[in-house]
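Both complexes shown next keep chain A, but they swap its partner, so chain B is in the first and chain C is in the second.
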Partner chain A sequence: MIKNNARSKTSTIITIVVLAIIVALIYVLAFTGVFSSNLMRILLNICLYASFAVMWNLMAGYAGLTSLGNQAFIGLAGYACAVMCTTYGFGIWVAMLVGGLVCAVLAVILAFALMRMRGMYFAVATWVAAEALKTAFQNWKFVKEGAGMTVKIKPYPTNAEIFALAFGCFIVCMVVVYLLLKSKTGLGLKAMRDDADAASSIGVNIFGSRLLCYVVCGFLTGVAGVIMYISKGSIFPGGGFAIDWTIKIVFIVIIGGIGTAAGPVLGAIIYTLLYEVLAQFAGFTNIVLGIVAIVVIVVLPKGIIGSLENRFKFEILSQRRKSLE
Partner chain B sequence: MDNILTFKNVDGGYGRVKILHDLSFEVRKGEVLGVVGPNGCGKTTMFNALIGLITPTAGEIIFKGKNITKVSANDRARMGIGRTYQVPRPFEGMTVFENVLVACCHGAGMTEHAGRPKALEILKLTGLYEKREIMAGELTLLDRKRLEIARALGTNPELLLLDEVAAGLVEAEVGEVIDMVADLKAAGYTIIWIEHVIDVMLKATDRVMCMSDGTDLLIGEPREVMESKIVTEVYLGVEDDE
Partner chain C sequence: MIQQIIYGILYGGVFALAAIGMSMMFGIVGLTNLAHGEFIILAAFLSSVLCTALGCSPFLTLIITVPVMFIVGFILQKVLINYVMGKGANAALLVTFGLSFILKDGMLQIFSADSRRMVVAFQSANIRISDSVVIPVLYLVVCLIGVAVIVILHLFMSKTYVGQSIRATSDDKVAAQLVGVNIKNVTAVAMGIALATAAVSGLTLGMPWPFYATSGSGYLLIAFGVVVLGGMGSMIGALVGGVIFGLAQVLGGSNWGVFISYIILLIFLAVRPQGLFKK
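Moving on, here comes the complex of A and B:
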């Protein structure tokens, strides 16, 4: 027992060290200019989409909240970024913090307003809320109505710097979800994922757990959204609050594996690379992505990671509680 | 004798479908109250109302002197009500051990560290210890029923609700369950036990309530109730269904 414990501690430490080295290496490579700017852009997108997807997965895959409205966070964060930087002249750190906080507040409001609804009703309601925000921003003078806003920062961060932020954001998303699932609350979340009523009848606070997931998702989707719009340089209501964001995120999580730790990451890599390849064949992108999604759902119903984990009995970043530790 | 639970004229159901009508009864501290009644008369619904999965449209539920009619399900679990489901509802993506650990952590309010030995102890008691690392979704029906009891015990309840835990078991297994419940009663649990098995009612309960059409028809001494004319009549009316 003690031996086992020591071994698992050592392996945890080794894992952390290896991950830290990889992270450090990626940062060094990014700043020494080894990555071409094209590669950097692809990596940046992978990090940001993975962040969005990891957060959506926390809600849909664990808390049982299938949202079709996470574009509300992305759009709102984009505007928070433009307003903070362009209108008030703050830097990126303030923009990221404010973007995250504003989205966390939105998450609290949405949670209290919508969380009594279940399943499809909740999904559609979140979408409607995002559309309402879009309309509000299209008609709001302060944010230049439909004309949108540019993001002005002096000096504008380099591609390497933006990538570094995105990569950091992605790491934070992974760590936060990992720690959350490892906690007592996370144990309850896993029970909820399987059967919310049964979980509540053994004392799991369903509303509280869902609220927590919603707020964490709002905050970190917001931070990733700010970085996304720093990299884009401008925001329009139509694009910022577009359902397209969530469609991409859902695609990523479904093909990677919903309710798995690594699924959203693999999904984001596949999506971003596919998108790059398909960019050469304009017009075919959505058709091909649709076909990929259907094939994956039919062949690997739990997504790539989920199905592999089931088939070969392993779990990436497992938080399984062993009975003897 | 002290009452741990009181139902006062409770009405309730699912959406607009009313199942419980003017249901009133008391449970004494430390007793095993058997509940019988024809299929569909609302026994499971009574449990749903008691643990807070449905909210009564009228009446009151008093537990340990507090009106819990509007208290949330998770708070009731923490106050000391643990239930099993007639059709077992294990958390299939978790191991047997984790299933019980969630109950210890969330229902009994323990830390994970304190919950572990408690969960293992309950697994031994319910005969699931050897299967603790198996995914709950892979268990047989008998083991799923055991897990239902184990999970309910994990919440450290004062009032334990058993919903047909002996149904579908062979005679020897029923005997085991009866022994186990006797042990639980001796350990101080108050128990409400829904079961169609007459033997269970006669051997394991202190009192029996017969429900019919969502209300309390008769409550009293087990043999009296089981042999009373109205009860046999209600049962005979639907016996072909069984």
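Moving on, here comes the complex of A and C:
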């Protein structure tokens, strides 16, 4: 037993060291200009989509809250970024912080308004909230109504810097979700997802745990959204609050494996590469994504990672607790 | 003001019809069909194409679109959705979500992003009530169609064998099976009926307002709102919900009407999620 424990500790340390070396290597490669600008763009998209997907997965895969309204966070963050940078002249760090905080506040408001609902009621209610925000921004003079806003920062960050931010954001998302799920709250969350009544009866604070997940999701989706719009350079209400964001996120998580740690990351890589391939068939992207998603739900309901883990009995970044016996 | 209220009420019948198929699937089969809006628009395109090709009145296209949509719904439910409904809580929800954007982008490819509209002879005819108040004939007709479809559906569900077996299945699946109802077929028939109402709804939405390949999600949210306001599975609820939504859109004006109706919906969801007329 003690031996086992020591061995698992050493293996954890080795894992952390290996991951740290990979992270450092990616940063070095990014800033020494080894990556071509095209590769950098693809990696940037992978990091941002993976961040969005990891956060959506935290809600749908662990907290049992299937949201179709995470585009509300992305659009709001984009506007927070444009207003902070262009209107008030702040830098990117302030924009990221404000973007995250505004989205966290939105998450708290939505949580109190919507979290009594179950399943599809919650799903569509979050969508309605995002659409309401879209129409509000389309008619709000301060953010230039439907004309949209550009993001002006002096000096504008280079591609390598934006990628570095996105990669950092992705790492933070992974670590936060890992620690959250490894904690007592995470144990409660999984108990709750499997059986809400039973979990509640043994003292899991359902509302509190879900609220925490929602706020974490709002904050980090917001930060990733700000980085997304720094890289895009302009925001429009129709694009920022578009359901297309959720389509992409849902696709990514379903393909990779809902409720798995590595699923959203693999999904984001597949999505981004597929998108590059499909770019020459503009207009057919969503059709292909939809068909692939439906086929995966029918054939591999646990997604690629989930099915592999089931088949070969392993778990990447497992948040399982070791039994004490 | 009175004029606006008349418009709001007339819109209500049309919105109620858009919602009724979705409401039925919610209440009876327990399926949230996120592609319902796209099916409505698909039916509208079908009507519009037939109307141009055959040179007939838009109303006559229903003879083709209603059976076609029924068959589409029946097959879809039988082959795909029944299969995924047993696989976890959200599998069916996400499959219909996938269907919705396949249909949307498919229609964009086939019918382009341009707006379409079906024109009838009495497009701008009015019944004069007083100097400032008129009842537009087109809106009156589409509203009456909506109410008629809902009433017929109500009678169908309560009086016929098929309707009763659909309701029996929604009350108790096992008991319904015991008395000889084939529940797999029942859900497929229910979906067929839901899409048949979508066919009529496409016509009633496509005559007064222009529609685009991308209009589906807007109508889906209206339909969802009507269902939530009225209570799922409730036919009278759908009519009342439709009128509330219609009034909110008309009185709020073109800029803020949609926003106001969404906010009403969110408040309603938070306060009374079971709807005005709980079944």
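Assume the second predicted complex is superposed on the first by the 323 of 325 C-alpha atoms of A that agree within 3 Å, B and C clash if a C-alpha of one lies under 4 Å from a C-alpha of the other, contacts with A are read in each partner's own complex, and residues count from 1 in each chain.
Criterion: a residue touches a chain if its C-beta (ideal position, glycine included) is under 8 Å from a C-beta of that chain, and two chains touch if they have at least 3 such contacts.
These numbers were taken from a predicted model, which means no experiment stands behind them.
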Chain touching more of chain A, residue-wise (chain B, chain C): C
Touching partner for A:Met117 - first (chain B), second (chain C), both, neither: second
Which superposed partner A:Lys313 touches (first chain B, second chain C, both, neither): neither
First, second, both or neither for A:Ile206, with chain B first and chain C second: first
Touched partner set for A:Lys141, first chain B, second chain C, both or neither: neither
First, second, both or neither for A:Ala198, with chain B first and chain C second: first
Partner chain in contact with A:Lys190 - chain B first, chain C second, else both or neither: first
Partner chain(s) touched by A:Pro301 [first = chain B, second = chain C, both, neither]: second
List of chain A residues in touch with chain C within their complex: 60, 66, 68, 112-114, 116-117, 119-121, 123-125, 127-129, 131-132, 135-136, 138-139, 243, 247, 250, 254, 283-287, 289-291, 293-294, 297-298, 301
Touching residues (chain side chain B, partner chain A) in the complex: 51-53, 72-74, 77-78, 82-83, 85, 89-95, 97-99, 101-103, 105-109, 111-112, 116, 119-120, 123, 132-133, 151-152, 154-155
Complex interface listing, chain A residues touching chain B: 184, 187-188, 190-191, 193-195, 197-207, 259, 320-323, 325
Footprint of chain A on chain C - complex, ascending: 26, 32, 34, 80, 83-84, 87-91, 93-95, 97-99, 101-102, 104-106, 108-109, 217, 221, 224-225, 228, 255-256, 258-259, 262-263, 265-266, 269-270, 273
